[in-house]
Every structure is written in C-alpha cells, then in structure tokens.
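Look for subunit A in each of the two complexes below; its partner is subunit B in the first and subunit C in the second.
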Partner chain A sequence: MIDPIKPPRRKNPLLRTRLPALPPRPRSRTSHGFTRAAAEGRFVLQRCEACGCFAYPAREACPSCLFDGLTFVEAPRRGMLLAETTARVPSDVYFRERAPWRIGLVKMDCGPTIVAHLHADCVEGAAVRMSLQLDKSGQAVAFAHPEGETANMADDKQWREMTADPKFRRVLVTNGRSVIGQEAAVALRAAGAKTVFVGVAEPWRPFAGENLLRGQDGIEIVTLDAADEKVVADLAADIGGKVDILVNTTEYVRPGGLLDRRGTSIARDEIDQAYLGFINLAQAFGPAMRMRGADGINSSAAWVNILSVYALANWPAFGAYSASQAACLSLSHSLRAELRPGGVRVMNLFTGPVDTEWFQTVPPPKVAPRAIAQAIVSGLKGGLEEMYVGDVAEEIRQRLAANPKALERELDR
Partner chain B sequence: MQSKNLLELASAISSGAVRVVDLTFTLSPDFPVIVLPPEFGQAAPVRIQEISRYDGRGPAWYWNNVTFGEHTGTHFDAPIHWFTGKDLPNNAVDTMPSKDMIAPACVIDCSAQAAQDPDFVLTVPDVEAWETKHGRIPDRHWVLLRTDWSKKGWRDYANLRDDGAHTPGPNPAVMKWLVEERGVIGFGTETIGTDAGQAGHFDPPYPAHHFLHGAGRYGLQCLCNLDQLPATGAVIVASPLKIKNGSGSPLRVIALVGST
Partner chain C sequence: MTNSLRAPYDGVVIAAPVTIPYVRYSIESAQWWIGRALSALVAQAGIKASDIDGMCVSSFTMGTDSGVGLTQHFGLCVRWLDTIPLGGASAIAGLRKAARAVQARDADIVACIAGDTNHVDSFRLTLENFSRFNQDAVYPYGAGGANSSFALIARNYMRTFGVTREDVGRIAVAQRTNALCNPHALMKTPLTMEQYLAARPISDPIHLFDCVMPCAGAEAFLVMREETATSLALPAVRLLSTIERHNAFADDPMQVRGGWAMDVGELYAMAGVKPDDLDVVQTYDDYPVITMMQFEDLGFCRKGEGAAFVRQHDLTIDGDFPHNTSGGQLSVGQAGAAGAYLGLVEGLRQVLGTAGPTQVGNASLALASGFGMINYDRGLASGAAIFAGPSR
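On to the complex of A and B.
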C-alpha cells in the first residue's frame, strides 16, 4: 500500500537544482530487442526456434539446446517473486540518489528467472505481472507489478522513474487552435496535470473551442506561434522553467504532392510550421527540460510529438505533408538523443488521417482527436516511446515491416 | 522651384517647424494580416530570425533575416496587385513613377461613424459634406480615411466573425467617383485593407482595389496616427521597396505637416 504523492511545494530558491543522473546504459546489440518492445509497451522474451524454450537475459544461443536461433516474441507476463532485496547504499550515482531501491528475482511462468525492478506492492512469494520499461537512460529494464490493482499504484516511486505521469506536472500543449490540442489539454488536466499551458498563435484570430479552453480551471492560454522564433523564446523566458511535459500539437495539413501544386509557398508553410516550429520549440524549451530531469515530483519528464504515420512511408495524396512529417520524425530522433542526459523521454504518436477538416474527403477510418488525447495520457503514464494510434497507423506499420516496396506501390493510388 | 526653397523645407523639418508624423505600424510577427479562406495562397507572416547578436554567430554585430509577404504590416498596393490594373504600364512597385511617392493628402475623419458601426461605409455624400467644409479634393491627392481603427487591440482590429471581417471602408460609388471625378492618386486606410471588411459582397467586389488599381492609382493600408494630420495640407511620403515586379510592399509612411 503506497501513500499518494503530494503536490510538490514551491522550490527553495536557496537550493541548487540537482542535475539528472542516469542509470547504467551499456547493453548488447541483441538486448535492444527488449528496447524495441519496451518503447511500444510490449512484453517480449527470446524463444528458441528449435526447442521452444524462453530465455532471459538476451543471449545468442538457447541455454537449453544451444541452437542459435532465438527470436523475440510476445511472452506471457505472469511470474512469481522468488526473492527481493533492497539496495540501501548503491555505488551507482543514479541509484544512490534514489535509494533505498528494491529489486527482486522473478520466476516467470514461462520459464526464465528475471532480475527486475519492483513496484512497492510486490510481495515475496506472490504473483507478479511483468513489463518492459525504458529507464531514464532509455534502455529496457524489467519491471514487476503486483498482479492486481493496488491503491495509488501509479504513485510508486520506482514506477514514476519509468514513466512520465502527468500527475502534478505542468504541461505545455503547443497548439490550442486545433481540436487535438484542445482535447489534449483537457485530457492532461483530467490526468492530474497541475497546469496545462495552451499555446494559441495569432490570438487576434477567433477559433472554435476558444471559450471552452478559457473556462477551464488549470488551463492557461499563452501566446505561441511555434514558427515564430521570437515568440517561442519569449514564452520560454516566462514559463520555460516550469514546463515538465511538452506536447507538440503543431498541425499543418495540406493535400498535394509535387506536380499539382504551384510553387513552394504551401511547402514553405508546412516546413515553417512543422519543422522550423519543432526546432524553435526544442531550442527554447529543450535546454531547461534537459537540466530539470531530476527536479522532484514535477521534474521535466517528456516531450510528445504527434506525427503522421506517413512520415514512415509517403502517401502521395498528401505527399509534401508526408515529407514534412518525415523531417520531423528525423528531428525527433535527434531530440531524443539530445534530451537523454536529462532523462527526458521523447514519445512519438503516429496517427493515420485524423477526423479534422483537412482530411474531410478521406474516407473512414479516421482517428478521433479525443483518441489521440487519450493515447498521449496513457503513453505518458506507461512510459512509452512509440505509439500507433488508430487502425490506419497500425496497419501502415505492419505493411511497412512486411514489405516497404509493396507499401509504396499500394499508397500510390 | 528653386533649391533654396527645398533647403528651407529641410531646415523647417530639422527645426520642427514642419512636423514629421510617422504613419507606420512596427513591422512585427504579431500584427494581423489579411485572412483569406485557407484553400487560397496565404500571405507569409512576418518572421524575424536572428543571424547573430554579439555572440558566437557574429561577435561584434547584430542582424536578422526577415521574411514577409508583400502585403503585411503598413503596406503599399501597386496597380498590378489587382486584375483591373494588370495590363497598365509601369504598374509595379519597381516601375511606378518616383514622383508618385510624394503627394499631398486630404484626411476625412469618420472616426465617430466607425465607432458606432464597424461596417461603416464611406459614401459620396460623406465626401461632399467634407468638401463643403474643406474645399474640393484637388487632383493627384491622397484621400486618407481616418477611423481611429489603428487604436484598437489586434482582435478588435481584425474583427473577424463567422461571416468575415467587419471593418470600415469605402462603397463602390465613392471609389469610382474619387478616381474619376476627383483624380485621387490613391486611397489610404487604417484597416487591414483599403476595402471594407465585407467588401467581398459589394458590386464590384473590393471596389477600392477595383477602381484604384484599374486606373493606375495606389493603396495604403494599416496606417496609424491619422488623427495627427490636418484635414488638408499634409504631404505624404510613401516609397515602397523596389521589389522586381512587386505588387506592393511594407514601407515606412511619413507625413510632413506644416504649421497652420
């Protein structure tokens, strides 16, 4: 049973803000099979293609039959906590600062025994549910949860290190003119965020949903046009030190590829809004977020991008837009590496066409803005790095993995 | 005119005997721009990107890269901007006669009417009433419509509603009349365009653009400080950037005002 975390007090300005430390990073190349699964919230183990036995930790040959064909497959999550121990004075700086830290040995129902970080409600001899999580280094670790729900479960100290839970955190949603931005703001607030700053570009232009935002407690409208370097820098000067989660909801969708457009002005707008906007936001807010990664209950924790799944494979009907999204996807990987020293996560949500005005003539299925908002919250709570929201996004991912050339031909219609 | 008169003017400007009134808004990203339906091409907003500021990118100097559309901020419209003026000679900002960049102005104060009604439209009788008081508008003068619109906050300034913008401007008859009967060199406003917010519903649509540019005349918009100008006698200096085949440009508009 865990005591609920309390809203953080205001900081003592006489104390230095502690710099983030990171847990050990080294992993074998093979064990990044776990990283890949953890990024998406899946639980996998290696399984021998010959004898079918599950193995852990990552290895090159089956421990049972020595066959060298081990593949990462979805595995049953249930296990039993064999033994636990509490590290009180670890030598590693990251764990030392967070001690006491509980770890344990979990005997999986499917065979192997795993060293795992423990949720405080895990009891020796009792069943546990395993997950793979990305730690502050961005590396996969095994985490054991109690089998059922327990009180204030998400407030567990060790679990919060693995996630970017919005509870008590302050969030900047960059574009509140869009339905996605508005839904995200409401959902994050409902998930316990203390304040949601919502950026509105060109405030002289009225927009639908404005009154809804203005009426909400804990939602604060700020002037923000991501494409405007100065405005972004000005906002960061005001609130940069209290943005714990940044949700980049920049949305600039225009149909067309290359030949049916005249000139580059639409493409420039796409790049201006999506790509340069991303850079402006990163340069203005990134450094403070990276520095505040261990700043207590409301430490900086995550950066969220909402990207089109066509960043992965160009959809010629929205060809230039797809390209702008691909550019943002590439930037997100750079950002992820650059925020790593702060332990700040970068989560990318991939969506298919969203049920908004610019996809009006695209037939369903389309993703509801609310579904994206809910995915943002659940992704942050689960500590994910990649999410595919909606059927189209999931399908594109699978088809891309199966045969990229086939997907290219199929999207060319 | 002898050069000594010009030198007298210069010294009067220097001494303050001739006032120089700046009619220009600061060119900045937060200033409203014309809003067209999203499926049309859009004016690029003003963007200012630092190249260096006495830092590692340039230790001793500060400078910016600036981008903007031709019709952003306080700006000038050349005849080529509208289809009615597309075939006229010397109709772009780079080819227009330099002498057209300096001309006197008549300022018609409609601030009271505009305060009452954001859709106020200037009519021929309004201008005739002004002429009764101040005399007939001479040939090749600017007519500037004072509405005090420039004093509003940006949202009220743009005044966008779900049926479009609601800002004051001229009706078709008065524009035709000013161009044909009074020979104005141009028409200037404090609002985002020379036309009223609802002018798309006039006949012809956007009459200020239609008649001015069709006759090779000019437009000035997003002006401020018109309340500091006399009804007659001010001289406007409006020289747009010399953009190749440009349809207009942001510019610094100043007025010279003598003592009365």
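On to the complex of A and C.
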C-alpha cells in the first residue's frame, strides 16, 4: 500500500539544485533487444527458434540446445517473486541517493528467472506482472508489478523513476493554436499536471478553440512562436526553470513534393517552423531541463515530439513535409543523447494524417487529435520512447519492418 | 561413497604456504602484491626464482596483464603457465591443474599465486565489470553488488530451512574469535552475538558482519613432486583428493546448494577418509550463509541441518570443529582472488604445524573449499581439496 505523493513545495531558490546521476549504463549489444522493446512498452524475451525455450539474460546461444537462433519475441508477463532484498548501501551514486532500493528475483512462468526492480506492492511468494522499462540511463530494465491494481500504484517511488508521469509536473505545450495542442493541454492537466503552459503566437489574435484554454484552471497561455528565436528565448528566460515536460506540437503541413512547387519558399517555411523551431526550443529549454533531472517530485522528465510517421518513409504527396519531419526525427535522436545526462526522456509519437484542415483531401482513417493527446499522457505514464498512434502509423511501422522497398513503391501513388 | 576412476595424486605435494599481510587500501598495484608473494615463496622454499618452471596466477585487478605478462615482469622463464579467473574457486582450480602438471612432469615446481590490490575505487569497478550477465541483468538493479545477490540467496535459504540470523551469526562470531589469534587479521576487536545481530542492514537479510571487507593482499604456495620437496628438504603436504564443478544444479530456481553436493562422495572416496577424520576445515566464507551451505554440501550434515550443525559445534580453534582458523575472509579481509587462497593456505600451515597462534593441536588432515563467480543469480564455481601433513 503506497501513500500518495504530495504536491512539492515551492522551490527554495537559495538551495543548490541537486545534479542528476544515472544508473549503470553499460549493456551488451545483444541486450539492446530489450531496449528496443522497452522503448515501445513491449515485454519480450529471447526464445530459441529450434527448441522453443525462453532464455534470460541476453545470450548468443540457446542454453538448452546451443542453437544460435535466439529471437526477441513477445513473452508471457507473469511470474512468481521468489525472494527480495532491499539494497541500503549501493556502490553507485544514483542508487545510493535513492536507497533503500528494493529488488527481487522473479521466476517467470515461461521459464527464466529475472532480477527485477520491484514495485512496493510486490509480495514475496506471490505472482507478479513483468514489464520492460527504460531507466534514467535510457537502458532497458525489468520491473515487477503486483498482479492486480493497488492504491496509488503510479506513485511508487521506484516506478516514478521509470516514467515521466505528468502528476504535479509543469508542462509546456508549444502550439496552442493547433487542435492537437489544445487537446494535449486539456489531457495533461486532467492527468494531474500542476500547470500547463500553452504557447500561442501573437496570443491577442483570437483563434478557434481558445475557450478550451483561456481562463481554465491550471492552464496558462504564453507567447511563443517556435520559429522566432527571440520569442523562444524570452519565454525560456521567464519559465525555463519550471518546464518539467515539453510537448512539441509545432506543426506545419503543406502538400507537395519537389516538382510541383516553384522555388524553396514553402520548403523554407517548413524548415523554419518544424526543424529550426525544434532547434530554437531545444537550445532555449534543453539545458535547464538537463540540469533539473533530479529536482524532486517535479524534476524535469521528458520531451515529447509529435512527428509524422512519414518521417520514417517519404510520402511523395507530402514529400517536402515528410523530409522536414525526417529532419526532426534525426534531430530528436541527437536531443535524446544530449538530454541523457539529465535522465530526461525524449518520446516521439508517430502519427498518420491527422483529422485537421491540411489533410482535408486525404481519405480516412485519420487520427483524431484527442487520440494523440491521450497517447501523450499514456506514453509519459508508461515511460515510453516511441509510440505509433492510429492505424496508419502502425501499418507503416509494420510495412517498414517487413520490406522498406515495397513501402517506398507503394507510397508512390 | 562412490568409487573414483580418477588417477590419484600420488607423489604430489604442496609446500611453502605464503601470506602477504593484508591492508585495507593499497596504493600499490596487483603486480606489486604478486611480486611480494613470489619473492616470499622463493625465500621460504630456499630456491632461486629460476627454479620455478610453472606458474598459475589469479587476480581481479591486474588490468590488462595475464600470467604471461608477469613472466617478463618478474624475470621468470616457465614451461607451464595458467591464469585462472575463477574468483573464490581459483585456489582449488589452480591447485588441481598444478598438481597434474607436476605429476605429468610438464613442470617441476609450480608457483600458485593470487594477489589483488585495493585502491579506493577498485572494488566498485570490479563490481561494475564483473561479468556480462552481471553487467546486463544485475548491476543496473540497485548496484548492490554481491551483497544484494547473496541477500536473495540467503533470504531464500533461510526461509526454506528455517534458519535464523543468530544461527548464521554463530559462524561469524566464532571466526572473529579465531581472528583475534591472527595478528594479520584486519578485524582486531571481539564480536559478540549481540553486536552481530545489532549491525546495520546492508541488503536484507545481509547485515554488516555478514560481509567481507575488501582489501589488498596476496597468498601463494608451491606445488611439486614429493622427491623435489625431499631434495629441497621442504616440509610438504600431500594432496589426497580434489573436486571442481561449475554451473551445477542449473535447474534449481534459486541456489540452495553448490556444486560440492554433486561430487562430495568422490572427494572423500579419493582421499580414503570420512568427514569425521578431518582435523581442520576451511570453507569459503564470502558470507556465513554460504559456509553453512558448505557444511551441508561437504557432508558434515544433511541439507537443511546446517543451522543445527553450527548450534551443536564449537567452530573455534580450540573447539570440536576447528573451522576457518585464521578468522576467514569475514575477519581477515577479502583480498580479491587471494580470498580463494586464504583458507587453503591456512589449511596447509595447519597440517604442517606452522600456523603459530592459530595452530590446532595435532592437525594432520584438512579440507579446504572454494566458491566463486556470482555471474548472474548464483555462485557458479565450486571446488574442494583434502590434504594431509607429514605427521599423517
């Protein structure tokens, strides 16, 4: 039984901000099969293609039959907690600062035994449900949960290290003029965020959906145009020290590829808004977020990008737009590495065409902005790094994994 | 007891047990400690370094060196060489290999050495880089090191067999009593059961006095044929039997027994002795609960009776079951891989009658065991040896 976490007090500006430490990072290359699954919230184990036995930790050959075909496959999550211990004097700074830290040995129903972080409500001798999570180092770790729901489950101290739960945190949503931005602000507030700052360019100009934001408790409209370096810097000077989660909802969608456009002015706008806007935001807000990764209950925790799934495979009908998204995707990997020392997560949500004005001529299925907003919240609560929202995005993901060349040909229509 | 088909160790002896006294921290390198041990071996045996034609080394902190680098470092020219990275099982494994080498005349005098330094940060680095499974699937979980891994094993063992902390504590307390006779033990103050029970928790149920203190030091001995020892007029110990086993009982969901349980029959059959015949026993005591497990697996009592066994016996030097007479790693310190040698080297001194203040009266037959490498969820390596002094 866990006591709910309490809203943090106002920060004492005279005290030194405690610098983030990270849990041990080194892993074998094979072990990153778990990282890949954890990024998407899947639970996998290696399974021998020859004899079917599950193995753990990551191996290069099957311990039953020596076959080298061990594939990471979805595995049953249930296991039994055999024994637990509480490390009170860990040898590493990250855990020493967070001690006592509870771990246990879990015998999985499918065979292997796994050393796992324990949710406080796990009981020795009882069943547990295993998940793979990304720790503050961004590496996959096994996390054992009690089999059923328990009170204040998400407030568990060790679990909160694995997630970027919006509860009591302060969020900046960068574009409140978009429906996605508006839905995201409302959903994050509903998920327990203390304050949601919503960026709006020239906020004195009325805009559709304004009533969802203006005057709402815990939602604050701020002046922000991601493409304007000065405006971004001004906002960061004002609220940069209290942005715990940044949701980059900047969007600039225009149809067309190369030949049917004349010149580079539209492409330049796409780059200005999406790519350079991303850079402006990262340079203004990133350094403070990286510093504040261990700043208590409302430490900085995550950076979220909403990207088109066509960042992964170009869709010529929106060819230049796809390219701007690919540029942002690549940049997000740089940001992820650069925010790593702060333990700040970078989560990318890939979506298909959204049900908004600029995709008017695109046939369904299209993604509802509300679905994206809900995905943001559930991704932060689950500590994910990669999400595919909607049927189109999920289909592109699968087709890309199956045959990228086939996908390229088939998008060319 | 089973009959052994293995060739006996006829004519194989061990001599010149050497301990380089431990220090908590050392600014010297592992190579320095190994060099001191080598020098002491030569001095104690009254030989020249060039007489050593075989070497077997174990160390966690040699950096990029292996045994071959040490030959040049120390000006040795050997025709038989081994580097054994088996942690707490290194001494038994090294002894086994050296014994067969001298028996087959691949070498005449083999120096078996373990030495490690302990810089302020080296223990943490050893924990971090212990093994691939440890790196991937243990260390990132609380970074408790061996303490947490053995805590899980201890908790399960204690619950399964109804063992209390006080039962386990008897081993630690008795060893401290022994250590007070050993001027080289790092722990120099008496330990009462009350103090043991009141110690601060490290990783439940492991408390402070269940843990060894990492330190720097070295241990060594020579393995040769009996006629070599005679020609050198060296008092020598006859090797009677050994066992070694790795990754035993892999299907046990948690470790409640070590590899000894697989081979213990052969251990006594090969030596032609019974557990009762032993005068001194030196177990591998990285944690007292592991020693309790060895009392069972090495045949002194049945599985699950370890706690009753320690309640019924006096484990001190003057007791009815003299055990870890130097104080063991728990009280002397754990000098890395030298921890594997500590019990064996003390056992050699016991049956040679040269143990000095820790000497057990009329000791002539001893057993030493090793245990090592908690690669993932259990100690993988185990071994044991029985040996007899000149008086037997």
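The definition used in the following text is that the second predicted complex is superposed on the first by the 411 of 413 C-alpha atoms of A that agree within 3 Å, B and C clash if a C-alpha of one lies under 4 Å from a C-alpha of the other, contacts with A are read in each partner's own complex, and residues count from 1 in each chain.
Assume a residue touches a chain if its C-beta (ideal position, glycine included) is under 8 Å from a C-beta of that chain, and two chains touch if they have at least 3 such contacts.
Bear in mind the structure is a predicted one, so any value in this text is a computation, not a measurement.
Look at subunit A after the overlay: subunit B and subunit C fit there side by side. In the superposed model, A:P4 makes contact with neither subunit B nor subunit C. In the superposed model, A:D135 lies in contact with subunit C only, and not with subunit B.
In the superposed model, A:D228 lies in contact with subunit B only, and not with subunit C. When the two complexes are overlaid on their common chain A, residue A:R205 makes contact with subunit B while staying clear of subunit C.
More residues of subunit A are touched by C (comparison of subunit B with subunit C). By the touch criterion defined above, A:G215 reaches neither subunit B nor subunit C.
When the shared chain is aligned, no partner comes close enough to touch A:P13: not subunit B, not subunit C. Here subunit B and subunit C sit at a least CA-CA distance of 38 Å once the structures share a frame through chain A. Touching of subunit A by both subunit B and subunit C, each in its own complex, is seen for no residue at all. Residues 29-30, 32, 35, 41-42, 44-45, 47-50, 153-155, 157-158, 160-161 of subunit B touch subunit A in their complex.
The part of subunit C that touches subunit A in the complex is made up of residues 123-124, 127-128, 132-133, 135-145, 147-148, 151-153, 155-156, 159, 200-206, 250, 253-254, 376-377.
Against subunit C, the residues of subunit A that register as touching in their complex are 23-24, 26-28, 31, 56-58, 63, 82-92, 94-96, 99, 101-105, 107, 113-117, 135, 137, 139, 141-142. On the side of subunit A, the complex with subunit B involves touching residues 202-206, 223, 225, 227-231, 265-266, 268-269, 272.
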